[in-house]
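Before anything else, here is the set of structures, which you'll find just below.
Same chain, two partners: chain A is paired with chain B first, then with chain C.
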Partner chain A sequence: MKVNKNIAVSESGFLFDSMSGDSYSLNPIAAEILRLIRDTKNPEEIKQELLKKYDVSQSAIDKSVDEYLFTLKKLNIIK
Partner chain B sequence: MKKRKITVAVTGLNNVDNPGPGIPVIRGLMESEYFEPRIIGLAYENLEPGIYMHDHVYKTYQIPYPTLGSDTLIKRIEYINEKEKIDVLIPNFDAELFTFMKAADRLGEIGIHTFLPSLQQFEERHKTVLPEFGRKYGLKVPGSKAIFSADDFKKSRNEDDFDYPLLVKGKYYDAVVAYNEDQAKSAFHKISSKWGLPIIVQKFVKGTEVNVVALGDGNGNTIGAVPMRKQYITDKGKAWAGIALGDTNLLTITRKLIKRTKWRGGMELEMIKTEDNDYFLIEINPRLPAWVYLAVGAGQNLPEALAKLALGLTVKPFNKYEVGKIFIRYSYDLIVDLSEFEKLSLYSEL
Partner chain C sequence: MNKLPFERPIIKKLNTGISNKFGLRTELEPITNIDGVPVSELIKDYGTPLFVISESTIRNTIHEAKRAFETRYPKVQFAWSYKTNYLDAVCRIFHQEGSWAEVVSRYEYDKALSNGVSGEKIIFNGPDKSEDDLVTASNNGSLIHIDHFDELYTLIEISGKLKKRPKVAIRVNMDTGIFPQWDRFGFNYENGEAMEAINKIMNSKKMEFVGLHAHIGTFMLSAGAYDVEASKLAKLAFEFKMKYGSNIGYIDIGGGFASRNTLKGAYQTGKDTAPSFDDYAEAITNALINSQLDTDDMPLLILETGRALIDEAGYLLGTVIANKKLSDGRRSTIVNFGVNILFTAFWYEHRINPEKEYSGHNETTALYGPLCMNIDQIRDSIQLPPLKKDDNLVVSCVGAYNMTQWMQFITLRPRIVLIDTEREVHVIRNKESNKDITALEYVPNHLDKI
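Moving on to the complex of A and B:
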């Protein structure tokens, strides 16, 4: 999993896709997941990191992270 | 550095909701680090806002529409030149370009420099022959055909190559997406009453519209190119806001096209990018577009470069621009004294 090179994310979580001109406001956890992807973590490692950090069930993490990664792929933000 | 003083005549002062490129071109020239321009406005109508923007336009002359005859228009330009000594003329309307191209030598003899596409370049990219243009230069182009009667929509359907929705386009301007025959016929009558015949029917390609403003030096080199995506579109389909893209595919397509055609002058490529990352050319406008000031803001002063090329100066190609720069238009009420309107109406000069 890799973040496409045309994607820029500011510290405040503003994501800009220079190929399409699309932009998105990421909430803190969405931005954190993108940072983890940039740190070459795979989906399982990302989920484990979040489970350690937040009081949330495994099933909730699985569902949310999988959906988010699916969306990122669909929007050509990651590949 | 002392700036070089030049007088530039510019058309397209209709800075309205469907704006001409005149004022953005002038803004680029005014921000030139090389020129100190004195702008002469050339207006067809007496309510074109640029006429009254005295901080942009030094003096404006009304000129006759090209439909009244090329000679009439060029004689008027010769008269204006006697008074103003024009160095460079930048026409900004599709409908007048043919006249100015044909008269380029005549204008050159009296010291007026232009930098326009050749007649061949101008003719072969017409909407009516765009599919042939695409085949010749290796670009994907949606199928299209020129029609002369609203009844031809029936024939189009029978041939089964144009299913709805389809695009109904004017010879020079306007485009409407029609979802059925009634809408197509209505668009045919509306657009043909304004721009004449033929009407171009183009296959609808689903995707995102992306545009490029570019400048070719006539030898196959791209002097500058900036891609843009419209972010806010008016009900006339015009960009009210847009963003500079870093789409390298679009830049490659543009550079290849300019190299193959040896394009001379400004151009706007209108393309559709599909979900599969395919690019379809839907139109080429043979001039700088009304959003050219975005290129200036992003670091490529294309109007200045065009004026330099017109004067025979060497221009180094731009190799970068700032991706993510945004333009946002606004409307502004100019307050004009009746005496100004009167002067222009009576004497055709202001």
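Moving on to the complex of A and C:
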């Protein structure tokens, strides 16, 4: 799982896709997950990191992260 | 180490274009407490869905309405519109504040009596009054607002059986320049039917004619229509005086004042467009004072305001059941309150806020209720924080009509609590049980075994 080269993300969660010209805003957790992907974490590792840090159940993490990664793939932000 | 609160990750495409000319904030303020009582505590103690009514808001609102009218007109009387919210606790707050009762059925009439309202302070409106209803109301000295000629003739016929002369008024319908014109109730002003009804009442000599009533519409966003209404009623009262030589006892302007909810499809929010009590009062009292009526003996002004007095006092607390993606990629959220209990979702775009602080990032979602029915849609599109299962929401401005028009459909109706002026929480209607509903059913013997 990798972030595409044409994607730029600011610290505040502003994402720009230089290929399509589209821009997006990410909430803090969405930006954090993208950083973890850049750090070459796989989905399981991402979920474990978030579980350690946030007050959330395993099932809520599974659903939220899987859905978010699915959306990122659909938007050609990660592959 | 304390863990941080989790918010579902969201990514939102930014669209460039012409900015919103009103510059409305998209960030939603969480509603963490109601009258100082934490929403989280209410949910912990009573679960969701839960209707919450603020007694302070009710009392403040009726004080505000009374101030607007009483500072402009010498004789004012509010009558609480039972159909808007007839929970006994709610009705009694209005009665404690001096309101009479305005009812439209025998069920409501008996409810008003059981709430301790004396018969003379009950206004009986509506097209459906049986002979027995008319006898009871007459003997109690209630104010009967005659809706049609059949009712008028019934009253003449039964007058022999009555202990007292019925006190009657007629309901008048008229053109006030608004569309649609409500002409299905009462007698028409412009075509002379209203005066004809008055003549029949006076000629019968069997009733005491005490007032004129009109109710021109609902959620009236134009105070000017009330100016027309009050002027026409005053003119009719003057014609009555010219013909019969006595002043009319009261003019009942009805209800219909808008609350601060936003109607579906409205361009601006209800907060920005709804006239204030002062606007309505100015239009109505100016029309009466400037009419030909005798300024030394002005009729009592009765107001049957319902929605504008109670809507803002009601909240609905609910919980997210699930999040889904629709086939076209739109997000949808399913919550545990549907149109069966939030009936006014058919009319309004309610203000819906999160119960907890969040990052300020919103996403557009369709909001659906829990019913397995396609009509159960609270909002087609609404900006909400990234909600996840078990997150809570607070719907505002739900005090009017929901707790009377709600349906026992698919699910049972929820509990209602009242927060009193001392911040004490009281259950004022329990949630329904299967037993409550099936208690009225009978199974024939041949269906005993299945």
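To be clear about the criterion, the second predicted complex is superposed on the first by the 79 of 79 C-alpha atoms of A that agree within 3 Å, B and C clash if a C-alpha of one lies under 4 Å from a C-alpha of the other, contacts with A are read in each partner's own complex, and residues count from 1 in each chain.
Just so it is clear, contacts are C-beta pairs under 8 Å (C-beta built on N, C-alpha and C of every residue); 3 or more make two chains touch, one makes a residue touch a chain.
Keep in mind the model is a prediction, meaning the values are calculated, not measured.
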Touching partner for A:L72 - first (chain B), second (chain C), both, neither: second
Intersection of chain A interface sets (partners chain B, chain C): none
Sites on chain C touched by chain A in the complex: 3-14, 323, 325, 329, 359, 361, 386, 388-389
Interface residues, chain A side, partner chain C - complex: 13, 15, 22-30, 32-33, 50, 53-56, 60-61, 63-65, 67-68, 71-72, 74-75, 77
For the chain B and chain A complex, residues of the former touching the latter: 208, 228-229, 231, 243, 245-247, 323-324
Chain A - residues contacting chain B, complex: 6, 8, 16, 18-21
